[in-house]
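Have a look at the structure that comes next, please.
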Amino acid sequence: MVMQFLSDNAAAVHPQVWKAMQAVDRADAPYDNDAPSRALDAAFSTLFGRECAALWVASGTAANCLALASMVPPHGAVLCHREAHIEMDEGGAPGFFLHGAKLMLVEGESAKVTPATLARASAGIRDDVHQVQPHAVSITQASEYGCVYRPDEVAAIAAFAKARGLGLHMDGARFANAVAFLGCAPGEVVAGVDALSFGFIKNGAMSAEAIVLFDPEQAALLRYRRKRAGHLQSKGRFLAAQILAMLEGDLWLANARASNAAAAEIAGAAGDRLLHPVEANEVFLACTPAERAALRAQGFGFYDWGEDAARLVTAWDAAPDHVAALARALAAL
Amino acid sequence: MVMQFLSDNAAAVHPQVWKAMQAVDRADAPYDNDAPSRALDAAFSTLFGRECAALWVASGTAANCLALASMVPPHGAVLCHREAHIEMDEGGAPGFFLHGAKLMLVEGESAKVTPATLARASAGIRDDVHQVQPHAVSITQASEYGCVYRPDEVAAIAAFAKARGLGLHMDGARFANAVAFLGCAPGEVVAGVDALSFGFIKNGAMSAEAIVLFDPEQAALLRYRRKRAGHLQSKGRFLAAQILAMLEGDLWLANARASNAAAAEIAGAAGDRLLHPVEANEVFLACTPAERAALRAQGFGFYDWGEDAARLVTAWDAAPDHVAALARALAAL
Amino acid sequence: MVMQFLSDNAAAVHPQVWKAMQAVDRADAPYDNDAPSRALDAAFSTLFGRECAALWVASGTAANCLALASMVPPHGAVLCHREAHIEMDEGGAPGFFLHGAKLMLVEGESAKVTPATLARASAGIRDDVHQVQPHAVSITQASEYGCVYRPDEVAAIAAFAKARGLGLHMDGARFANAVAFLGCAPGEVVAGVDALSFGFIKNGAMSAEAIVLFDPEQAALLRYRRKRAGHLQSKGRFLAAQILAMLEGDLWLANARASNAAAAEIAGAAGDRLLHPVEANEVFLACTPAERAALRAQGFGFYDWGEDAARLVTAWDAAPDHVAALARALAAL
Amino acid sequence: MVMQFLSDNAAAVHPQVWKAMQAVDRADAPYDNDAPSRALDAAFSTLFGRECAALWVASGTAANCLALASMVPPHGAVLCHREAHIEMDEGGAPGFFLHGAKLMLVEGESAKVTPATLARASAGIRDDVHQVQPHAVSITQASEYGCVYRPDEVAAIAAFAKARGLGLHMDGARFANAVAFLGCAPGEVVAGVDALSFGFIKNGAMSAEAIVLFDPEQAALLRYRRKRAGHLQSKGRFLAAQILAMLEGDLWLANARASNAAAAEIAGAAGDRLLHPVEANEVFLACTPAERAALRAQGFGFYDWGEDAARLVTAWDAAPDHVAALARALAAL
């Protein structure tokens, strides 16, 4: 039997989520005219302490790309980190949803961009029709290396974006882990953000992410775009119910705390093997092929990360004994 | 309390589907690398008696548009009925997924096309670069008016398509109802079809439709296109499980027979009000505004269909007493 | 030797146009930074008596599609006549330039739409995300059957568009012929129009059409879109020079009067064979296959128009003796 | 008066080109059905010593993007140098023509890629649907820094491409300069190339480039794509005539030799200021702001290239005395 640290994508669905889905298993209005779907705007407005609109979709890729579609015309570009999920792992979806708009790659430690690296990446762009012009910045919270933007870092990026007339998108596939790490109010981390992809699937839901629009006026446009992309499911109440269940009693935060704690335990054992600070639920560590083979022989599942590193991801339902076993195994390497 | 005949989209999820979903609620490979997703090709190959490949997606719109993307280049066109779902009700999704390809509208009784009406619609197209050339035919089984193509009708359309080098797509949002009506083997209705959107959501599933490719070589392309459209869900096992549960013991057929039977009962009471033969689970009938108001006053929910007609749809879980009540009410109008 | 009435597309280039092109055959700034290109805004503002911006492109298809791109988002639609050039003869270019937006087909005599036929075509569209919503109206002046919208007809369509929040585009491939027929100021025919494709190529230019934007703010967007479509030629001065030469001394009007007069002479001889009023430079007439063969045997070149009709087009350089010969031949049929 | 070394884009049109254009100024078939357009396939087949098809377009951007459209599906990518024209200077046109396909950036000296740098750029791409897969390589001959791929370098890249199933495109905006430098037969430089954008505009034509397809089967597809992009001009004979005039008596080669010779003269005077070998008609040299100001004060026009460099471009019609003056001025810096 394998002790899985491959991906939080494969984790189980939380019992509260199952319960909420079953509770809406009766006829209601189709698409997003059902009661739970209509409750999302208010739920997120309460959570963030300001008026916003929210739409469900069934994948982070769809959430990111639809959110960006509210900011970037087909002839524009998005500034994002060289290792951003939208660049590396979405099969070219931004090019599809944005009708050929471009991703402009930005440097930065631990897959985090800064105003300085954003400025460097866009410095050479002449303001003429021969060159594609950026229209938005996209950042990932927590980053692809499990590192968290502090509120003041987000604010500085937002100021950069605003000064140049760019929209700001936050890919929050692991937004919950970031907030759990920061211990602040969710609204503090999104000041200046125009649209947030709020991830639930890795964190205990089955098939629902939220696009949160801090300019609620954009919701009408995105509803058309969502339908046009085949993402308006006919029994939308089952997606809305998942999200409401995750928000209820801050289950999203409790689950994120659990996976963060598991990652912290592993990080503690990994010592100076760590390649990035462990601030969310991902651990990247230096690890030779022989060491990886040894870990696998002990029953641990995880991804290689290049030649001499490994990626270990913890989920909300990480088994305490598996985590402890992994920590022991790392310490013993 | 409303007795719903608005849409089969709003129907409940079948208990067997719930059970199957819960059975896969444990860690498995993410995306479509899990065991249930990998079982789909074999399941559909058995069902249709020939080798095929199958992919899940979460909406009929996505299924239709991805299927068409295997046949139609951006500069091409799809011949479809003037009232086809892809033309009327998918928010322009074909234009999006096909990168601007065109729908060419065809006439036909009860939303069914024929080789003759297809020929008429394409007759005027000169074979030159100034005019968009058709690359595929798309038909809906059962049609948007609940009418069923007989195997020989499909075969004639397939022959038309083949003779002109066109692909043939079948939008089978209500394929189950069509097969239930015909009482034939499923393979008989898809002879000559290149890709089928096999609908399960209206028929007892929650969020899974299948794209069935009778040329399995196309599957690799569509897997890329599905990811690029944000339709590759990370916990795909929950979609695959729904489909497998629907196929298991021919649940899809049993559910379709139930909704067809309910529609037939209503149709029997509607007499010569019927605007189209009732061959699946939709009933279109002449009905004045006053009559519709009277029906609604008795607690029946349904859509107006223009000025002087109503559309009534039955679902797999139609309550026998609601159906009987509606039949009585119609007879008494 | 053939006497050509096939198409004004094949006509010669006017000597004044050649002269103007040669006059700019010296180094100047590349793309559209040269002096003639920078003179276009002022030239058209003078012509139309109101501030406008103008961009050159090398085809009517590019002019139409770029103009529409200033009004119609990818998820929107254009209302146009069923036989509009953008629908029938542009190889699907609107689908390409508008990223999958749709053309909604409208009826109307002689390929002219009216507020009534526009209303009918859009009447059935529900205001929801399942249906594509119109964002613009496109009309052709003169129409595809050589018929001219009167200023009050344009104004009525503009009022329709404005009331529904739609943009108004005029495909003026034969705008010159229309103005020549009306005998009014050019500005009178474009009241309420947002963007005009002003055709010069059929009327004596070689390779330059103008997109005239009555909201000059849109010019910046279209400059990006033009470049992105590969339509920003590097020696743009040769296109601008053609246009300025056509405007100089109202050469555009003189040429259009010449082709109109030729068409009128032919129409006079055609009597009640005429299928549409002859108001520009196109003549559509009833004509059996045998009669067409007879005309061709006498040396006349023209297109068949379906089974029992012919299309004859006159150009600015129509040879008087050819026109007279054709008139005689028609009278003698 | 300014002595221009800004861009070969601004150069004059060769007298032989003017003559050829005027020679076709009589009615002929519209679009590309005229005699000169129909002569292109044979002319290029002769030139390259193998069967090919050729289409005219009016810009290098359109030539590049249409050529790539024959190789790269919307979900694919093109490997090209980080400073390739398609990446830096085409306003996002590849994203438009390829419907969102991606450019993958490759390193290399003097804007030339090698099998090694191509391999490095594509090494990390997993063969799965989450990552965009390359479908073509595009190289620029001569490169963006005026450096020329030798036949064996092209052959090595072609072998790389073939081994991975990738198409090979050559952006030959300055193909003539490269062939003039190499002194070999044109066919030797395109062995293994699938499609060539053969530039004429910078080299003495007015508005015509050729897309040369070494797989003539692709021509039908590109004819549809060209029309759909608004690039099928109605008086195409004027473009074809330009190209035929440039090929006639190897005018293209004579013009390229002239501009190469001018660049060589300047390079000779620049000494170790040169940043790249001068192999075509572009000179990049180290040059402080003060030195650039001094040159401009003497009447030379050119572009800055970053902080401490300048780009000087010679055209086919470079005035010998301007070139000599520039050489003297550089030597005297």
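The letters A, B, C and D name the chains in turn, as written, and every chain counts its residues from 1.
The working rule: a contact is a pair of C-beta atoms (placed from the backbone, for glycine too) under 8 Å apart; a residue touches a chain by one contact, two chains touch by 3 or more.
Please read these numbers as outputs of a predicted model, since none were measured by experiment.
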{"item": "Longest centre-to-centre distance from subunit D, chain (CA-based)", "value": "B"}
{"item": "Inter-centroid spacing, subunit C versus subunit B (mean Cα positions, whole Å)", "value": "42"}
{"item": "Averaged-CA centre spacing for the pair subunit D and subunit B, given as whole angstrom", "value": "50"}
{"item": "For subunit D, residues contacting two or more additional chains", "value": "74-75, 90-92, 95-96, 99, 129-130, 224, 227-228, 232"}
{"item": "Chain-level touch network, classified as line, ring, star, complete or other", "value": "complete"}
{"item": "For the subunit C and subunit B complex, residues of the former touching the latter", "value": "74-75, 77, 88-92, 94-96, 98-102, 129-132"}
{"item": "Parts of subunit B lying in touch with subunit A, wherever the complex brings them together", "value": "4, 6-7, 9-13, 18, 22, 25-31, 57-63, 65-66, 90-93, 95-97, 201-202, 206-207, 224, 227-235, 238-239"}
{"item": "Touch list for subunit D against partner subunit B, complex", "value": "74-75, 99, 129-130, 133, 223-228, 232"}
